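There are two complexes below, and they share chain A, which is joined by chain B in the first and by chain C in the second.
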Partner chain A sequence: MASLSLKKITAVWIYTILILFVLAILMGITMRFTQGKTISVSPIEFYLLMTTHGVTMIGIWAAAGIVAVNYLLARYIKVSTSLNVFALVFTVISILMLWASTFIGKFHAGWTFLYPLPFHIAWETWATPMFLWSLMVLSVSWFIWTLGSMVQILKKYSLRQSFAIQHISKKSPSVETPPLVLISMVSLLGMVVCFIAAIILLALLLAEYYSAGKFVNDPLLIKNLTFFFGHTIANEALYLGLATLYELLPEVSGRPKFKTTWYVALGWNCAIIFILGAFFHHLYMDFVQPKGFQIFGQIASYFATIPSVVVTIISIVTLLYNNKIKWSLVNLLFFIGLMGWIIGGIGAVIDATISNNIILHNTLWVPAHFHTYNVMGNVLFSLAFFVWVANEFSDNNDLQKYNKLVMPLLMVGGFGFVLMFYWAGAYSVPRRFAMYPSELSSGTALASAAAWFACIYLVGVLLVLFDVLKKCAKVFSSSSH
Partner chain B sequence: MRKSFFFFIALVVFSNVVLCNTNGLYSFSEEEKLFKPIANIEIATAEGEISLSDLYDKSPIILVLVFTRCTGICSPLLSNVKENIRQQQTNEKYKVLVLSFDSSDSISGMLQLAKRYNLDEDKQWIFATTDRIEALNASVGFNPVWDSTSQQFDHEALVVGVNGNGYIVKKLNGLRASSDFRSLIKEINSEFVLSYPLPRKNMLFSCFTYDPATGKKKISVGMLVMLLPVVLTLLVVAGLATIKRKPNE
Partner chain C sequence: MEEHKFILFLFLSAAVLVAGIFHFLYSTTLNPPSESEGLQNPLKKRGFVLVFMFIVFVVLLFVTVPKSPYFLFSNETPAKVVYVNAQQFAYMMSYKSIDLNKPEIETDVELPLNEPVEFRVTSVDVTHGFGIYNSKAELLIQTQAMPGYVNRLRWKFTEPGKYNILCLEFCGSGHAVMRSSFTVK
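Entry: the complex of A and B
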């Protein structure tokens, strides 16, 4: 069970994540209103908002996943509180550096900071190294955080057991691996790989920066490493969200816990390779990339979804079908999150098919699918955890009266917001345009509508935030262990 | 022994200086003057005097630099350009301007040259001379050198792509394949053309090595760097496997 210190650090993480979330949503709304010509910000301001919004969002929801599984893993293993404190301190330092590089230094090369953009200085000269160092601080500290979490698991389970290999070969093995442990292990391993990729990537970029032209990078290598890191972290964050769902959904629905079966174990183990290989689909347009990688990218993108999606859907259907479920905000958030995750996943698979990518590449279809499985998928998984844990901290499952409004607000706002992205994407409106030219006037109208939908979503988030923050505060006045 | 050593060093230094000079003369770089405007000179054609902008304002130009007395590369170059242009089945609009860089050439000599290649009736081809060849040469980075012994210009085989705004967007040096002309035509028509920087000396972790002599590329150390995260993780996991367990904790 979670110790008081673990509860306290989890509460601080929740405060940090939710506050940053609201600020990042406000940046997103500003961008969408700008594209819709309802308000006007300069192109530089638009792109620095886009850069800050992208890194912040990816960062906080990856963090939310690690925080949630760390908290829940305390049911099975001893979790290190100091590791979580360490990660929080360095995350805050890194975010301050990042925001300084964008808001003060005006760095605005996008969250993928694609090479050689960071070296075409169109901002304060110090902003490029500051941005790169901020990500280096984050990558190194999160590498330690995720590796440390794996070490904690391996103090109780052997390597084989932690990946539930015994479930593949035996029907009822002597040691059972809970799904939470298996999925956490798979996702943490993926995160370790992607943070190593990030450290190598940032070291190469910093080496070029400080060598003053004596050393230059190969754009192909840098792009591969960028998406090895970027794609993987965004996806592993989702899988951590799923780990939380596997642990909590049956419990809050009044159903027996999920068990690891042979197909769950096999599915998740296969997913490791496919999740790590799927990033190649970001390089379809790079003609110098070896053809084999392109084909592997498409196959991996298809197969990455099969184990996790199919296995999860089977598990959830067996949980819900013909059973009386006690519906609450927590399991509704999980359930709608699952829908959002699947819809976004289908959008992703459509885009990851080479023949479609030729048309959809760099259109708003791309933000459409990743916003769907984030805004209406992973974010809802993590909000479900936050609501559940806040109830636990306050010993109070009561929902405020206005909480009845939360789900309608999140659903109308969230799905409406992403629908505008899909619609514009289907009309080939390009992504990352601060303003749309007159030829793309449909993009302008859809952007405006999207911004209003996002405002509705924000109100839903604020309702959750007030409830969660109030309940989390209780943990600081509590003295029981 | 020592004498021959110094002689050897002197030879190396001398040959380097000579080679470097020659390299300076023929800067075979296809990047020099790229994306710079071409000199807007007056040219004499069969139809009379026009300025270069009269041409590129209407359609992009492929500029071929030759001289009629050439006993060297000019003939193979013209044949090569003619053959490659014939092979292109495209709808793009462009003109091929064959311009003499020898001030002693006359327009009638150039028209005879056109006839020899059966291009005198072809409206896509324009044969011309100019009084301002130095300005044009300087703007495209072309440096022919007159050799009084052979009574010939020492020069490279250069084809220059000029877009509709009068900017040099591609240069082809030497006799080239049809695919190079394909991308030249696309480039002057402002269509997207795939390009990638070649490996350089200071690019330590290049994904490929490229041999200009054979035109072959091979996978190189950069690809291994891509695998590094996976290899390092496997090592980390191997390390983790040795952790002492306390199953009952």
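Entry: the complex of A and C
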């Protein structure tokens, strides 16, 4: 079980994540109100908010996934508190560097920092290396964090057992691998690989920066590395959220725990191959990319959904269908999060079809689908874990006064918010426009509506936040293990 | 139904179906029959979903991949070639390859109706987008403008009129105002 020190560091992580989440939501709302012409923000301010919002959101929800599985893995293995403290310290340093580069240095090349834009300096000169170093600090420290988390698992389970291979070859293996361990290993492996790619990418960019023109990168190679990193971290974060769902949903619903079977093991092992190859769909509109990569991108994007959907959805249906469930905020967040994940996945598959991507690429359809499986998927998985763990910290499962409002607020606000993106995207409104041209004025009205929906979602988040932070505070006055 | 509206309709239909299934699943957990044993034969149902999804995806791949932009009008000779050099925050277009030292830029590009044309798109600074919008502000097709590479985009315009070009890759603070246009006659 989790030690007191692990509980305390988990509580600090939750504080950090939730506070950054609220700030990043406020940045997003500011952007949508600006696009809706409700408020006025200069293009540079808009794009520096966009850059900060994107990197912060991807970072905090990837962190939330790692924090959650580390906490829950303590049920099966010895988890290092110092590893989590190390990651937190360097994450905070990296965020401070990032925010300094954007808010003080005015760096605004987007979270994709698509080469060679960071070198066409339209901000303080120091802001480019500050931004790149902030991501390098994050990538190296998280590489150590995720690799260290895998090593912790491998101290108890062999490599074969940690990936549940024995469940594929034998019907009743002598050592059972819990689904949490399997999914954590698969997701952590994906993260380790993507951080290696990020370190190579950032080293190449920093080499060009410090070489003063003697070393020049290839834009296509850098773009492939950028999206391999960006796509993979976003997706693996989602799978870590699913790992917590597998562990906690049966428990809080009063149902038997999930067990790893041959199809669960096979499905999750297959998922990693397809997830790592699906990033090619970000480069469909680069016609110079080899056609084989493009078509593989579509195949991988389609088939990445099969193992996770077939395994997870049927498992959840089996768990819940025609069984009396005591619903609480925790299992409702997991349940609705799963629905949001699937709906966002449908939007993603539509976009990952090359012949659709011609008219959807870099329109608002893209933030539509990734916001769906984050705002209404992964975030809800992590909030479910936060609520559950806060209850555990405080020995208090009481419903807070406004608890019944949380789900309606999150659902109306969240789904309303993403619907405005889908609508605008289908009608060709581009993403990353600080303002819309007159012929695309529908984007303006939809942006304003989206901002109001986001405000509703924010109220729901704040209700969860106040309850969770209050309960988490109790762990610091606790002395028992 | 137009392609844009069809995509939205398809997505919303699927989303409503998923929401309906989740609502049904939720409703079965409130007052299940006392003798209920939950979902029967889950392994068989899992196999059915697996085969169903596999078939759907294979069919979709065979139907959609040939419509990818890389294969459009690939067997036809373009009636006109337009060279495009993107730069922060404008497009240079010419019927001849653009010499950056002595650029000969067309200010009023005219393209033929119902004949294949080819855009050879590159960039002189950062990566840009090259999205072609019709007079109804619908995105028809696009490619990226990447420095050091030339993306060849082929298209056949079937309606005369003015077409706008918008940048669809974030390229800096002037991204939203980076645009150009041409006429199809």
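Heads up, the rule we're going with is that the second predicted complex is superposed on the first by the 481 of 481 C-alpha atoms of A that agree within 3 Å, B and C clash if a C-alpha of one lies under 4 Å from a C-alpha of the other, contacts with A are read in each partner's own complex, and residues count from 1 in each chain.
The rule we apply is simple: a residue touches a chain if its C-beta (ideal position, glycine included) is under 8 Å from a C-beta of that chain, and two chains touch if they have at least 3 such contacts.
All values derive from a computational prediction rather than experimental measurement.
Within the superposed three-chain model, A:K291 lies in touch with chain C and out of touch with chain B [touch as defined at top]. Contacts of A:I196 after superposition on the shared chain: chain B is touched, whereas chain C is not.
Once chain A of one complex is fitted onto chain A of the other, the partner contacts of A:K171 are absent, as it touches neither chain B nor chain C. Within the superposed three-chain arrangement, the count of touched residues of chain A is higher for C, of the candidates chain B and chain C.
With both structures placed on the common chain, the touch criterion links A:T318 to chain C but leaves chain B unconnected.
By the document's definition of touching, both partners, chain B and chain C, reach A:P219. When the shared chain is aligned, chain C comes close enough to touch A:I354, but chain B does not.
In the superposition on chain A, the residues of chain A contacted by chain B and by chain C overlap at 218-220, 287-288.
Of all the residues in chain B, the ones that touch chain A in their complex are 194, 196-197, 199-200, 202-208, 219, 222-223, 225-226, 228-230, 232-233, 236-237, 240-241, 243-247, 249. Per the touch definition, chain C reaches chain A in the complex via residues 3-5, 7-8, 10-12, 14-15, 18-19, 22, 25-26, 28-33, 36-39, 42-43, 45-46, 49-50, 53-54, 57, 60-61, 64-65, 67-70, 88, 125-127, 129, 131, 133, 137-144, 146-153, 164, 166, 168-176, 179.
The part of chain A that touches chain C in the complex is made up of residues 43-44, 47, 108-110, 112, 114-117, 120, 122, 218-220, 223, 263, 284-288, 291, 294-295, 298-299, 302-303, 305-306, 309-311, 313-314, 317-318, 320-325, 327, 335-336, 338-339, 342-343, 346-347, 350, 353-356, 358-363, 422-423, 426-428, 430, 432-437, 439-440. Contacts from chain A toward chain B in the complex involve residues 77-78, 147, 150-151, 154-159, 175, 189, 192-194, 196-197, 200, 204, 213-221, 224-225, 228, 276, 287-288, 290.
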